[in-house]
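What follows is subunit A paired twice: with subunit B in the first complex and subunit C in the second.
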Partner chain A sequence: MTYISYLYFFGFVAVVYPLYLVCPKKQKWMVLFAGSCLFSIILDGFLAVCLLVTSLAAFFCGKLLTKLQEGFNTAKKDLSKDEKKQLKAKVTKKKKAVVASGTIISLSSLVVLKYTGFFEGIFNSVSGIFGGIQLPLITFALPLGISYYTLQAIGYIVDTYRGKYKAETNFAKLVLFISFFPQITEGPIGRYDKLMPQLVEGHKYTNENFTGGATLIFWGLFKKLVISDRASYMVAEVFDNYTKYGGVIVFTATILYTIQLYTDFSGCIDVMSGTARMFGIKLESNFRQPFFSKSVGEFWRRWHITLGTWFKDYVFYPVSLSAPVMNLSKASTKHMSKFMAGVVPSAFALFVVWLGTGLWHGASMKYVMYGLYYFIIMLIGTLLEPVFVKLSSKLRIDRKGKIMSFLAVVRTLILVNIGMTMFRADSLEECGAIVSRCFVNININDIVYGTIFSLGTDKHDFLAILIGVLIMLIVAVMKEKGTDVLSGVANGKIYIKWPVMMGLIIAVFVFGAYGPGYGFVENIYAQF
Partner chain B sequence: MSKEKIADHEKNNELTEKKDTAEIKTEKKTKNKFLFYTARTVRGISFFVILGILLTVINYALHPKNNKKEFGMKDQNAHAFYAEPENTIDTLIIGNSEAYSSFSPLEMWHEYGITSYVSAQGAIIMSEAYYILKEALKTQDPKIVIFETDALFPHKSDQTLRDRTISNVIENEISLLKYHDTWKIQKPANFFSPIEYKWKSYSRGQMDDPKIEAYGSNFMDISEGKDEEYKDGKINFWILKYLDKFVDLCKENNISVIFVTIPNTLTTSRLNSQAVKDYCSGKSITYLDFSEHPEYINIDWTTDTRDGGVHMNTYGAKKVSDFLGQYITDNYDIPDRRKDEKLAKRWDSDYRRYSNRIQKMEKEMLEENDMP
Partner chain C sequence: MEELLEILSQVKPGVDFEKETELVDSGILDSMAIIQLVARLSDEYDIEITPIDLVPENFNSAQAIYELIKRLDD
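Here is the complex of A and B:
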């Protein structure tokens, strides 16, 4: 069952939602628990098994960590300073062992299922050089959502290790947190301390939640069905046969893919957040107008936010504070300039983060390079920053002025578009070929004679995409200026709320790419 | 009255007043709450009523105004029965591409005076077949429904079949979901024109292709096709559910059902045939399995297929139709419609068109073959 399907809305939400509303407050979470278990089983029986293993690991590790911490807190009261120190070291060692095993168990199914083939490929390449053995390549069908809930479970284990909160004592509640159905296949990656209280609170029906949730659902459907899916047809044709087409078409396809990916991912997240909102639950934001970013770094703070913050909290900080990086930091301070001494250790930690981000997206060199592409751009940006500062002061350029800010946005858009092309292309070589193809055979007749409209996305589709993107742009600009149009509509006066909501619903029904004649377009981020 | 008593009395009065005020407040609150919820319910209902009216108007505007592809009709060949005069089709044939390739209504007309229509679409699933039948019954009153059984074993996963069935059912029940994209092809001027399904398939839904692409070298017995999957005799849950509905709908309308299996080089399977046989015997349905009894139709795979044994061409369809025409005449009480002059004029003219077209194509093929 995918989120964008009749089965999800009419067969699943339409059953779970009324049940949730009629259930007594204290038992409401059980409806969500049962719904989430059922959803995972319908999605993929194997996913349910993997989920159970990860949940068990997280539950027992969390409990053990809290027990160790509480044992220490009780014992330390009667101890001297030195004894306290000794006991703390002992407990920390045990806690580290628990957190490591919990993380390894949680990661194991993800690593085995997602990366076996990738590591075998690397082994075979190295072995091939020395004339060694070649392993048969094994690939597994990846259960949907595994890359999301694994991170969520690890976050929970690490946070209990850090003493951020006490471990959950009810196994079913922890399973609900890890498998909550609106976020199981595409995120957003939730945090226990923010999500769990909402999941167990038991919300009553409120007009605000219902209208706000429904508006968000239709807004997400609008993005996915009216814009993303219509763009996907031409994107598939051109990316699969790029050598057949000239610059105008290939360039348009790369832009369309960026639009497709954003509207597909953010649209699906909106649908999910809208569903959760109907239940009175607010999921984490995953996007904040990413295409207004002035730098690639800012882009990643606005795009797939929950993945970025997860890597920051659970990879960047631990790596930065690890012994080797601390030693590196000391050595850099001793032997390098103040600027470089600051850059080198954080660059090392960032390298690990971006390598991880790349690999998280997929088990192939393409995704590794995708992560490192952004790392290199950011590193170059950081290293050249002093030069830019000097240059702009000499040339008396106001880097924060409107023109420079606009140019910075355009520069980021270009870099991100190349990144997205890398993401969509089958390999790094293909990405290079597609980017260079944008500058070959540029023929305006491709538009004049309509070739561009004959590749799966016709002129009506283009019109729908254009109008859709314009509407999105207006909403984004207003949000950037502090006005949340969607909330405004959901909570606004009837003469604004009704026409806008009806318009949105009609637009989805009439202009959505669904039904006979339209192939189902799988959510891109559900495949990771 | 003593001062104390007066004070007490005043106090009591005060308390009663306070009590009254509280009661009034509660009453007001209850009244307000009632009004609040009533207003909210009325508002909610009004929203959906207005939305419903708008969607109904849009539904009409976007509905195809003719049963042709150019007007947005999906699978126009399967839906050209709309243009036939009411209650003139006695035999309805439903199935997938095997059905529209293997039956020739015009041959059955010419030889036996049977009026039939092939309402088939490629890769059909059972719920689609059910809705086609339901739709056809609105204007026709067939006595026999022939169902080609290849559609019971679509080459699709259980999950795909579940999703496709659900989509298909919802889209057939709410036609806006099926025809919403006609905004791309309909002229705004036609949005509110009357709906008139006038387009007729002269071949009555058959794909009349005389092209020959031989398979093998003679009258071969194809009892097992080449495909490896979907031949285990298992009928998917959703297919079975709508097959039951399909059969029940026929029974409700006193329609005799005949299941037919046409052999082909890919999907023919003994296990699948056995599953159909078991189903038919449980429901007392006539089953003609030409893959088990090729002698009934004598298909010559060197001449009777248009694509190397996957589908019949017009010659194969003629053989199948000859057999069925005779079978129906012998076993069912179906009138010879050739006696109806008005109807005969219509069908005879289409038969002439059909045979002229085949002759023309044969000539072209011969010329092509004669070319050096």
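Here is the complex of A and C:
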């Protein structure tokens, strides 16, 4: 069952939603719990087993961490400052052992299932150089959502270790937090302190939640079925056979892929957030008009936001504050210029973050390079910043002016488009070949004589994509300026709400790429 | 407080730390500067600053940083 299916809407949500509404307030969370368990089992029985292991690890580690912290809080009251320090060090040592165990157990199924083949490949390559043994490559079927709920569970364990909140005492409630059905396969990666209170609150029906949720669902379906899926056909044809086509077609395909990926991922997130919203639950935002970013760093603060903030809180900060990086920072301050003393430790921590981000997306060198591509761009940007500042001052260029801001957006779009091409291509070499291919055999006749429209995405598809992207652009510009069109529609007067809703529904049913003649297109981000 | 102001001006010269109340929110202290600052503070005051302490409210002003140090020293 995928989120974009009749079974999900009419076989699953249509059953769970009324049950949730009729259930007494205090028991409503149980409907969500039962629904989430059922959803995981329907998706994949093995996923349910992995979820259970992770949930058990998170539950017992969380409880132990809170117990240790509370024991310390009680004991410290009667101690002197030095004794307090000694006890704190002792308790921290125990807590570190617990948090490490919990993290390792939670990560184990992900690491074994996702990365065994990758590490075997590295071993075989190194072993091959010295004429050593070669391991048979083992690959496992990856349960949907494992990369998302694992991070969510680790976040919970680490936050309990940090004392951000007390551990959950009800196992079923923790399972619900980790496996909540609208977010299990593609995120957004939730935080316990924000999501859990909403899950157990027990919301009653409100028009605002229902229409707000329904608007988001149809907006998501519009993005996915009208834009993304139509774009996917030409993208698949050109990326698989790029040597057959000239620059105009290959370049168009790379742009289409960026559009496909964004509308696929953000569209599915809208469908999930809309479903959750109907239940009165607000999921974290995962996108904030990413294509208006003026730098690659800003792009990643607006794209897949919950993954970025997860890496910031649970990788960047811990690495930055670790003893080796702190020592590096102190040594840099002593021996380097102020600027470099700031750059060096951060660069080290960012390297770890981007290596992790790349590997999270997939177990292959391509994804490692995908992460490091962004790391290198950001590092170059940081190192050249003083040069840019001096240059713009000498040339009297206002870097925050409209022209320079526009150019910065265009530069970011180009860099991101290359990153997306790397993401879609089978290997780094293929990405290089596709990017180079954009600049050869440039023939405008590919458009004039319609070759471009014969590659799976025809003229009508292009028109639908163009109109769809224009509508998205208008909505995005307005949101950037502070007007949330979708909320406006959902909460607006009846003569605004219903025509727009009907327009969206008609657009999805009439222009959506589904039914006979259209193949099913998997959600791209569900495959991680 | 005097000692803290001295450290702050070494990490980020040219800022009026006595008056500024939006050091993080206005981008004066970015993540690089905060990491440098944390290294200095941990060293000077023998405190352990953890990721949970790295929120804008704790670093937006010299007074907030001072309060954080006092809290962690307890």
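Assume the second predicted complex is superposed on the first by the 528 of 528 C-alpha atoms of A that agree within 3 Å, B and C clash if a C-alpha of one lies under 4 Å from a C-alpha of the other, contacts with A are read in each partner's own complex, and residues count from 1 in each chain.
Assume a residue touches a chain if its C-beta (ideal position, glycine included) is under 8 Å from a C-beta of that chain, and two chains touch if they have at least 3 such contacts.
Only a predicted model underlies this, so the values are computations on that prediction, with no experimental measurement involved.
Q: Please tell me, clash or fit, for subunit B and subunit C sharing subunit A in the overlay.
A: fit
Q: By the touch definition at the top of the document, which applies to A:Asp313: first (subunit B), second (subunit C), both, or neither?
A: In the superposition, A:Asp313 touches subunit C alone.
Q: Kindly classify A:Glu284 by the partners it touches after superposition: subunit B alone (first), subunit C alone (second), both, or neither?
A: The answer is neither, since A:Glu284 touches no partner chain.
Q: Check the residue A:Ile506 against both partner chains and state whether it touches subunit B (first), subunit C (second), both, or neither.
A: A:Ile506 sits against subunit B, while subunit C stays out of touch.
Q: If we overlay the two complexes on their shared chain A, which of subunit B and subunit C does A:Ile494 touch? Say first, second, both or neither.
A: In the superposition, A:Ile494 touches subunit B alone.
Q: Going by the contact rule set out at the top, does A:Glu120 touch subunit B (first), subunit C (second), both, or neither?
A: Neither subunit B nor subunit C is touched by A:Glu120.
Q: After the superposition on chain A, what is the angle at the C-alpha centre of subunit A formed with the C-alpha centres of subunit B and subunit C, rounded to the nearest 10 degrees?
A: Approximately 170 degrees at the subunit A centre.
Q: To be precise, I mean the smallest distance between any C-alpha of subunit B and any C-alpha of subunit C in the superposed model; what is it in Å?
A: Scanning every C-alpha pair, the shortest subunit B to subunit C distance is 44 Å.
Q: Quick check on my understanding: which residues of subunit A belong to both its subunit B contact set and its subunit C contact set?
A: On subunit A, the subunit B and subunit C contacts do not overlap at all.
Q: Provide the residue numbers of subunit B that touch subunit A in the complex, in ascending order.
A: Checking each residue of subunit B against subunit A gives 40, 43, 47, 50-51, 54-55, 58, 62, 74, 162-163, 166-167, 170-171, 176-178, 180-181, 183-184.
Q: Contact residues on subunit A for subunit B in the complex?
A: Listed in rising order, the residues are 5-7, 10-11, 207, 458, 460, 494, 498, 501-502, 505-506, 509-518, 520.
Q: Using the touch definition up top, name the residues of subunit A that touch subunit C in the complex.
A: Contacts found on subunit A: 159, 162-164, 313-314, 316-318, 320-321, 325-326, 329-330, 333, 338, 341-343, 345-346, 349.
Q: Taking the touch rule as given, give the residues of subunit C at its contact with subunit A in the complex, in rising order.
A: Those in contact with subunit A are residues 13, 31-33, 35-36, 38-40, 42-43, 49-52, 54.
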